[in-house]
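Before anything else, here's the structure in question.
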């Protein structure tokens, strides 16, 4: 308060006296966490989907429980439970496997696990919807042509799946990006956490929260442009048909 | 495609049953289809026609009874289903071409990846069959660029590329506009003349009369009547077949509609 | 040898993060002096206050050096070193209130704040049932709310409050006396209970740096007065 | 675990009430704020449409946590100005700040839901309105809105559940909702089971919401 | 509903044109419909039948030429379109009942809110018209609870509640199951006997022959032929009408299909 524009700029400068470089590092952590989590979440989404349609009853039930739990718990609660409980789990396992060795679950890893679990619970629904959109007919045609199941997935389903899954996964990516802000609560130095530290000494909450809010909006807008581009790419083969010379 | 030439009947159903949950979709089906025979299956909606022919290539697994295709029963060892599917081609109501592949790639996908046919050879074969269905000049197009009739002919060619001994058709013309129906029925008639064993679910009664050796009439999961087409159309034995024919034979249907007004 | 030291990083002047992104403060200097004395490398990491004891116990670091007051409850979960200073509590109040004294009676109906999970929150809950109490994840957030006038008083470490008020903040003033939670014997470093070995080595190093004057040198950087004298207990002050 | 609940049952119940009331009020206020924004998004290509788009992008683009901090600590910085215009009583109180941030946030999401359902109303409905000579206002109030609302209901129900989860973040700005109580009890006991108890509360709340939504949706059987 | 009784022709098209983008959907339409006349419009899909009758109540605005309905042209002042719509009722292929309102509320919505008829009176009128289409006992139900035929009859009653002088029907029976077609055509026949001016797009040739005073045959946006039904069906003047009749008259169509195979 009472600071002029120049002083604000000084606060954001890159160097010993400004928070610019710390914020940049925080942005790096936010992006690194999102980028590291997303592929894991996508793969998990497929696994959960397959578990949900498994022939084995117990697996189906477990998968249902998984999606119900992670879709109903607040992300912050999932994160806290995982952060503390996963360490207990790791200790228990490592006590059996590597006697004497103690592994520690970093906030980064804990954040990755928690966010993957949450995102994949929603992601399994994206996968299901996309598979439905591809249609049973495609699988049946492949079966009647003798293609093996892995081949069918690789050559027939997957190439068509992306087109239908991109909007859903794009949406989840944005949710993930924003949810990474929660790891500040377990003291991982992401954007929000860095902002909080900066405010501790500068006493300028409005400036810093507005700034990182704008950064998030920028990231989200960029993501949605990227998503549009990917959608266009993925449907290129298909739209060509619709406007083609047939 | 594994070189065995079989000589027995093409398909044998013996007291085959299939349930979907509580619903009894196939009831004690008995049916023997000889090599080279052409069967037309008809019946009201939901009577089990699709289920019947899907059992043949095990898209639907029968639950009791015996079903042998080219002498192979699904129980005969681990890859029996695969061996059955080698011998059976299928065409669907909605064509089910792979939309992300060109017509040619649709035709070569399975030969190249499942049967390890060299790509060049697979293409040559595919072009040959595409020519046979009058589609050689469309080989590079994607399915969505084709009319319904062209898509269905491409789907037939795709099945033929597997050199099947039996062809199944599940209402191959019912999703087509009237102009395209003729071109697909024409290709199927050609195929039947070439001696292919064919089992066709269709409501095209003109085609049935012309091409079928026998008509199988189903209702509520049962085979109600099996008869040569002339007998079936002119002198149906069963009350249900008669009612069905009344409904699908348009002359009478029209007469009815006009009476109403 | 490396020792992993955990702290909060949001508790100036004891431990906080500077503009250049480094951990600084009294705790940090003391920790480094002890490590130097023990001839080991200190590896610092920061953790959220509310979960800092579980973090220690789940092995995320080995020594907890964060101005933590030694209390009987905490001693059930962790082992403490000898106290390295007495972190006394005091109220800071909005100047506008013009308070003379801070007792449960004079503060009735006022909004009191402090950091969640600290000893001050215990005092507030126990002795100030007629005031509204707000608990903050970070102490800095309580300071923000003092400055904006959402809080009437904040109860915290006198040193932390002094550091904040010296920083050009003129909203607030100290009221009442210094005091200490009953049974508290100062601020200590915490260890997992099974690491008694490590604790003994650290105690030894602590004694050495107090003896050889390193401790006082560091203390003078931050405080002009002795911080190892024991003040009055809270129950004597407010108890019935 | 039951002992841990019983020992603090007063706090747990208070937290439950705070969470439920915050969620319920935010979803309702958010709906009424979302209505004009959603209509502008669907109908207006002019300035109104741009402003509505800006609103939606800003409030959906920022993490809710940041929005909470911005409203509570960020605006708190302007306390003297807010006092001057007589709004400080809102911003002074963490609960109001939480409600405000949640309302602004859910309004952005609900506006997009409303826009979606307005845009999927088929042209035939507009034609019928014209053929029956309905005035624009009657058509909007008596036909388009009820249909749009019924179409939006499942999505709004979903948003209700997401908002319930989001409410847990107000704990960070000192509101003692379920999560806030859990954090407090955890700091007292340092017992991880506290968080599991909180989880059970959230599960039960979600089940209750789902049950209520099913009952409401049954009243919209005409959608079939 | 504004009390003016008009006496001239019900509808007059004079060289009316309409484009959709580059597509010329109506070309130089000339047509005069007299009071009390019943017109059936037919023609192949896409020929502009819907566009033609939608022009009458300005769901589609004509772009050139003159179009007067009950003597009112859309250009005659600001609320001319409203006054035209007061006089014109319309029934759609998909009924377009409001799904969230009961049948009765569907019928009273416009009278109560647009014409400020007291609610009780509007209800009484609605029940009267519902009785006329045989739906008085369904008044409290929601559209989704009714069969297609019932929905269409309710839609007719809803239009009648506006006391229109002209009724337009756009393929009112083509979305119905065969059993329901009769009941709707019956109601329309009643209405025609009561002297309503009606313009009906339909392919129900039995109805056309029975009820129409004149048949209007369209193709590619033009009116190709206007003739009384007997002349049109038994002796179509134009090559295109003849081809069209061949296709919609099912006897011949079937014969064709059989030739194909």
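By written order: A, B, C, D and E. Residues from 1 in each chain.
Keep in mind that, in the parts below, a residue touches a chain if its C-beta (ideal position, glycine included) is under 8 Å from a C-beta of that chain, and two chains touch if they have at least 3 such contacts.
Being a predicted model, the structure only gives us computed values, none of them experimental.
Each step here moves to a touching chain, and the least such steps from chain B to chain D number 2.
Seen from the Cα centre of chain B, the chain whose own Cα centre is farthest off is C. Computed from the mean C-alpha positions, the centre of chain A lies at a distance of 37 Å from the centre of chain C. As a whole-number value, the distance joining the C-alpha centres of chain A and chain B reads 46 Å. If you average the CA atoms of chain C and of chain D, the two centres end up 38 Å from each other.
Once the centre of each chain is set as its mean CA position, chain B and chain C turn out to be 81 Å apart.
Residues of chain B in contact with two or more other chains: none. Multi-chain contact residues of chain D (touching two or more other chains) are listed as 73, 76-77, 172, 192.
Annotation for chain A: residues 80, 84, 88, 185, 196, 199, 205 touch two or more other chains. By the touch rule above, chain C contacts chain A in their complex via residues 9-10, 12, 16-21, 46-48, 51, 54-55, 58-61, 137-138, 140, 143-144, 147, 167, 169. Contacts from chain D toward chain E in the complex involve residues 124-125, 127-128, 130-135, 138, 142-143, 146-147, 150, 220-224. Chain C meets chain D in the complex at residues 50-51, 53-54, 77, 113, 116-117, 121, 134-137, 141, 144-145, 148-150. On the chain A side of its complex with chain D, the touching residues are 1, 69, 71-77, 80-81, 84-85, 88, 178-179, 181-182, 184-185, 192, 195-196, 199, 204-206, 209-210, 212-213, 216-221. Remark: chain B residues 57-59, 82, 85-86, 88-90, 92, 94, 96-100, 109-110, 113-115, 141-147, 155, 158-159, 162, 168 touch chain A in the complex.
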